[in-house]
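Two complexes come next, and they have one chain in common, subunit A, joined by subunit B in the first and subunit C in the second.
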Partner chain A sequence: MFVSWRVKALFVGPAVAYFAVFMLLPVLAALGLAWTSWTGFDIGQASWTGADNFVALVHDPVFGKALWHTALFVLLSTVLLNVTGLLVAMLINTRARGHDFLRVAMCVPLALSPVITAVLWQYLLGPYGLVNQLLSDVLGITGEPIGFLGEPALAFATIVSATVWQYSGINMLLFYAGLQSLPSERLEAAAIDGAGWWSRTRFVVLPHLRPVLAIAVLLNLIGGWKVFDLVYVLTKGGPNRSTEMLSTYLYEQAFTINNVGFAAAIGCVTCALAIASMLVRRPLAGAEYA
Partner chain B sequence: MNREEGQSIRRREFIQRGIALGVAGSLTGTVLSACGSGAANGKGGPLEVWGWMPTTDPYATVFAAAGKRVVGDGSASSYHYTFSDFGSYPAKLKTSAAAVPPSVAQMPWDGTYHAMIAAGLLRPLDDVLPELPRFDPGVLEQMKFKGRTYAIPMDLNTLSIGYNKAIFAKLGLSVPETFDDLLALAKPLRDAGYQPLALPLKPGGDFSTDTYLAQVAYTDPSGTAVRRAEQGELPWTAEPFTRAAEQVQRLQKSGLLIDGASSLDIGGAVSVFGDQKAAMMYAVGNYLFNQLDQAIQGKFEYDMFPFPPPSAGVKPLATGGPAILWSVPKKAGNQDGATDYLKQITGRASAAMMVKNSFVPAFPADIPAHVDAHYRRILELQRGAATRVVFDPNVFVALRTAVTALLSGKGGAQDVVNAMQRAAT
Partner chain C sequence: MTALGHEPKAVAPIAMRVRPRAGTRRAAASLACLGLGAAFVLPLLWVASLSVRDEADILSLRILPGSFHLANYADAFKTFNLGPLFVNSILITAGTVILSVAMSVTAAYAIASWRSRLTEGLFLLILLGLMVPPSLVITPFFIAMLNLGLYNSLLGVILAESAFALPVGILILRGYIDRIPVELVGAARVDGATSWQAFRHVVLPQLTPAIVTVALFITIFTWNDFLLPLVLLPSSDGSTLTVGLATSVGQYGQSDVGLLAAASLMSVLPVLAVFMAARRYYVLGLSAGALKQ
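Then we have the complex of A and B:
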């Protein structure tokens, strides 16, 4: 059936326009602003500074910290989200008792906004929150409150934990869908050949899940580089910038200090890192699915 | 004409009619909207006020009453108040200021004020000042930028240390007269199982800058050092700033601060103070009375004292500054309405409402003989209060970060002043 180019444009146009206005244009604008000095008020006052913002990034110790923290967060959260998601998916796939409950329980945090999750964790893990009260007043284990959000290493671990708690349900669903598509004959044949649980997992299940793993890792990497809401509400990058991320530092520069050009340069670096993360998909998925 | 051609024509007609209908609708909308705005302009247009006080807060009732009086005067066709929480308010205000700003905006003290002035977005209000009441001179001085005033203070925040009178009486402690006396409270309170001073240091919700500026009030008796430093006339490494940082470092080392202060926000501080786990808390002011009453529930009485002076014989100074500031964006639609709002919000009727709600007007007001004891105490403290506000956004962030680090045991006093100096340059 012949479809004229006008009709095609009618269908594709809105999506292209949406992408151009809300995605492409802001990215290009940020790319341009990164080479300027601008306070964020009157674009007419923006002045060209060349690569000064990028040079300043290299010499800025806070940016160095934020980059390191974000990279560490990306690594830890990606590994933990996938390990947790895979293990739970395999457990559910065994149809063991309570698997339905587990599946629902893993998905409930997904329904919450990250801000609500952060406030919830704050109530639980604050210096005089529920957990500290339980440990000191009820159980008498600790004398002074544990700084889940106040000690640098613990605060970072808390953010990673909250992320895993909130998002491992997505990975679980992806892996569970992948496991559902695994023909049971393959597992049965492997079992008849004498393969134990680990061998079946290593040589049958994991190779089958490679394309799913590639997508899950890719989503986690991209999500990790732009983590903001959980960190902003839980610690605002503190204490002493020990949980400062690229996004929280960008926010501070853009909206507190009004250093929009510098913030745009941080945004460009973040964007470049997220794009570079896409390179992992091909080797992870394997040649067959790449 | 074959079938395909017929369909093609019908489709073309359909599209043409659709376009015609769309254009007609748009024109009608434009005409109606123009008529509407014309009607509004007849009374000066609507008065749009922005702030971060929730609509259920007593502050919002003061705003609304002033807004209604502006409408009653005929300076505005209607009054509308838009609330945004403080976390997102500065960003929203800044992004709207260059395009479609409100008529009057509550101005944050976090650096937004100077940034907006520097960007030429605020209207100088010096011409309105003669028509307004006589403001607290120290506070009005803080509003000046290169000799001009761009914000009007409505009321004041006087910040002090709140203390649990029952715990102090039980342990035989008295209100400290010097800074050393304050630090000496740490041991007896900890020995008795109490956390001494609940000081919120959670980033973003911290009182680190206030703690530091409370010390500057003593190290800079002239009250001009911050403004001079902001205008480049004094380095941030000058003696008043260094000595204040040293006092803050002594505070950290004394053991007076509550355990877990670095992740404590003001809500958490109120909670531990109300539960009698902490004997003192900072910063108590009239803005917190309701929350404190809810947390304490009549279990004990509390009172307030300012951060004590470094040595005996010096008058204790409460610190703080403007609480609600109002600015008028240059591009605000209804400038007359905005001016009238400034008059109304600082008028006698507003002052009476503020006093009724335990707010401290930034201008002379009639105080009834019988008011709440805490409010009376705040009014006493306010008489000698020293106002210190850092408006430079770079310096503000550097100061907040460095003092929070210092109070958490990271870095030294010199790091604080060096950080401010670096940020300023």
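Then we have the complex of A and C:
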């Protein structure tokens, strides 16, 4: 069917123009700013400094920490989100009584903002929180309240746990949809052949879910590198930078110290890591789906 | 475990005789479902219990509330000045949904129905927008809005949010449009309809579920977003609910626990209600956007 180029342009034009002005241009500007030294007030005062910002990144111990913490966060949360999502999807798929309640309950956190999640977890784990009350008053294990957000390792674990609590619903929904598309004859055939639960899971269910797993991991990785709100509200990167992430360090550099060029360099590294995450999809999905 | 007695089906005794462990296993699965489900709603229930306590009750270290102090909600509304924050969140969310849905529905239709190297290239380019961390572009946004006179305005936030919403909309809608038979549009064109008429009267009516899905995703994303309004709309009495709450946590988090708990719940309720009402569209969006890629 003939459609003139003018009609095509009218349909696709607004979105493309908008994307060019409000996404492409800012990204290019950020890529450019990373090669300058600028305090963010008068663009005339920006000066080209070449790769200085990137050299400074390499020598900056705080950036090293932020990079390591973010990578560890991305790895831990991706593994835990997928393990939790898969196990719960399989549990729900048994259609045992209460499976509908579990499915709805797991979706509730998906509607919340990470800021609210931070508030909820702060009140759950704080000095007057439910967990400390259970530990000290009811079970009598600890005398003093545990400062979950004051201890470096505990603060980091809290951020990972809150993330898994908030987003494992997405992984569960994806895996559950994948499980429902698995023909039951295949499982029955395996069972008749004498395969137990583990063998059926290992040789029938998991291979079937590989393409879904690839998508889920990709979503988790891309989301993980962007983590900001939860950390900013829960710990602000503390205590003593033990939960400092790339995004929180960038925010500090850009809007507290006005070190705009350096902040843009951090942003470039983050973006490169997010894009590089796409490489995991093909090997995870397996050859037949590539 | 005596939960076996709860098995409702008449076939249960036979199944039990054949495989004595099946019933126990089912009961264990039920128990796991209920326990895990409870764990997922527990943080919300705990904050709900804090939100109705008076100050002494919060310090009392009791698990269940000993008071029912609903005045917390009215006090929180006044203390944190939630009225204008609600209005701002609603306006920003509505503006972003309208702007990005309007642009993505026409673009997704064009990309899906006029296959060429150019449209495929544009599609992949726009999808790259999904990879961009908001923190990368927040400084250029800040500078641009300052120079355009849109800093600290609702419109500035709407324009920035829409840039991130657009790729989501195009991804989901394109996956959906691919499933609409092209012949319908061809038939309409043969009958003398213009491209726009064919789109408006043949394609658009079939897209309703996909548009609801996109609107749902963008509503949740925009209502909950933090970094963009934090930087672009920083005024203390005029930001969004999410930013206002995050600021209040720092100021009142330890002192006015009951009030802040009530404010948090109030800010969650609208989007949670929308999400629960349209939950099946969320699943649709996940499968259209992610699985069909």
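In this section, the second predicted complex is superposed on the first by the 282 of 290 C-alpha atoms of A that agree within 3 Å, B and C clash if a C-alpha of one lies under 4 Å from a C-alpha of the other, contacts with A are read in each partner's own complex, and residues count from 1 in each chain.
Basically, contacts are C-beta pairs under 8 Å (C-beta built on N, C-alpha and C of every residue); 3 or more make two chains touch, one makes a residue touch a chain.
Please read all numbers here as calculations on a predicted model, not as lab measurements.
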Original post:
With both structures placed on chain A, which of the two partners, subunit B or subunit C, ends up touching more residues of subunit A?
Top reply: C
Original post:
A:Leu149 contacts which: subunit B (first), subunit C (second), both, neither?
Top reply: first
**OP:** Based on the superposed arrangement, let me know which partner A:Val12 touches: subunit B (first), subunit C (second), both, or neither?
**Re:** second
**OP:** Considering only the touch criterion stated at the top, classify A:Ser247 as touching first (subunit B), second (subunit C), both, or neither.
**Re:** second
Original post:
Regarding the shared-chain residue A:Tyr128, is it in contact with subunit B (first), subunit C (second), both, or neither?
Top reply: both
**OP:** Give one of first, second, both or neither to describe whether A:Thr39 is in contact with subunit B, with subunit C, with both, or with none.
**Re:** first
Subject >> Which superposed partner A:Lys226 touches (first subunit B, second subunit C, both, neither) >> reply: second
Original post:
Taking the superposition as given, does A:Phe255 touch the first partner, subunit B, the second, subunit C, both, or neither?
Top reply: both
**OP:** Have a look at where A:Gly237 lands relative to subunit B and subunit C in the superposition and call it first, second, both or neither.
**Re:** first
Subject >> Residues of subunit A at both interfaces, subunit B in one complex, subunit C in the other >> reply: 40, 126, 128, 255
Subject >> Complex contacts: residues of subunit B adjacent to subunit A >> reply: 90-91, 94-95, 97-98, 110-111, 115-116, 118-121, 201-204, 258-264, 268, 271-272, 275, 277, 393-394, 397, 401, 404-405, 408, 410
Subject >> Residues of subunit A touching subunit C in the complex >> reply: 1, 3, 7-8, 10-12, 14-16, 18-19, 22-27, 29-30, 33, 40, 43, 88, 91-92, 94, 96-99, 101-102, 104-124, 126, 128-130, 133-134, 137-138, 165, 170, 173-174, 177, 211-212, 215-216, 219, 222, 225-226, 228-229, 232-233, 246-247, 250-251, 254-255, 260, 263-264, 266-268, 270-271, 274-275, 278
**OP:** Provide the residue numbers of subunit C that touch subunit A in the complex, in ascending order.
**Re:** 6, 26, 29-34, 36-38, 40-44, 46-47, 50, 58-59, 61-63, 102-104, 106-107, 109-111, 114, 119, 122, 125-126, 128-141, 143-144, 159-160, 162-164, 166-167, 170, 185-186, 189, 195-196, 199, 220, 223-227, 231, 242, 245-246, 249, 253-254, 257, 260-261, 264, 267-268, 271-272, 274-276, 279, 282-283, 286-287, 290-291, 293
Original post:
Along subunit A, where are the residues that touch subunit B in the complex?
Top reply: 39-42, 45, 126-128, 132, 144-145, 147-151, 155, 235-241, 252, 255-258
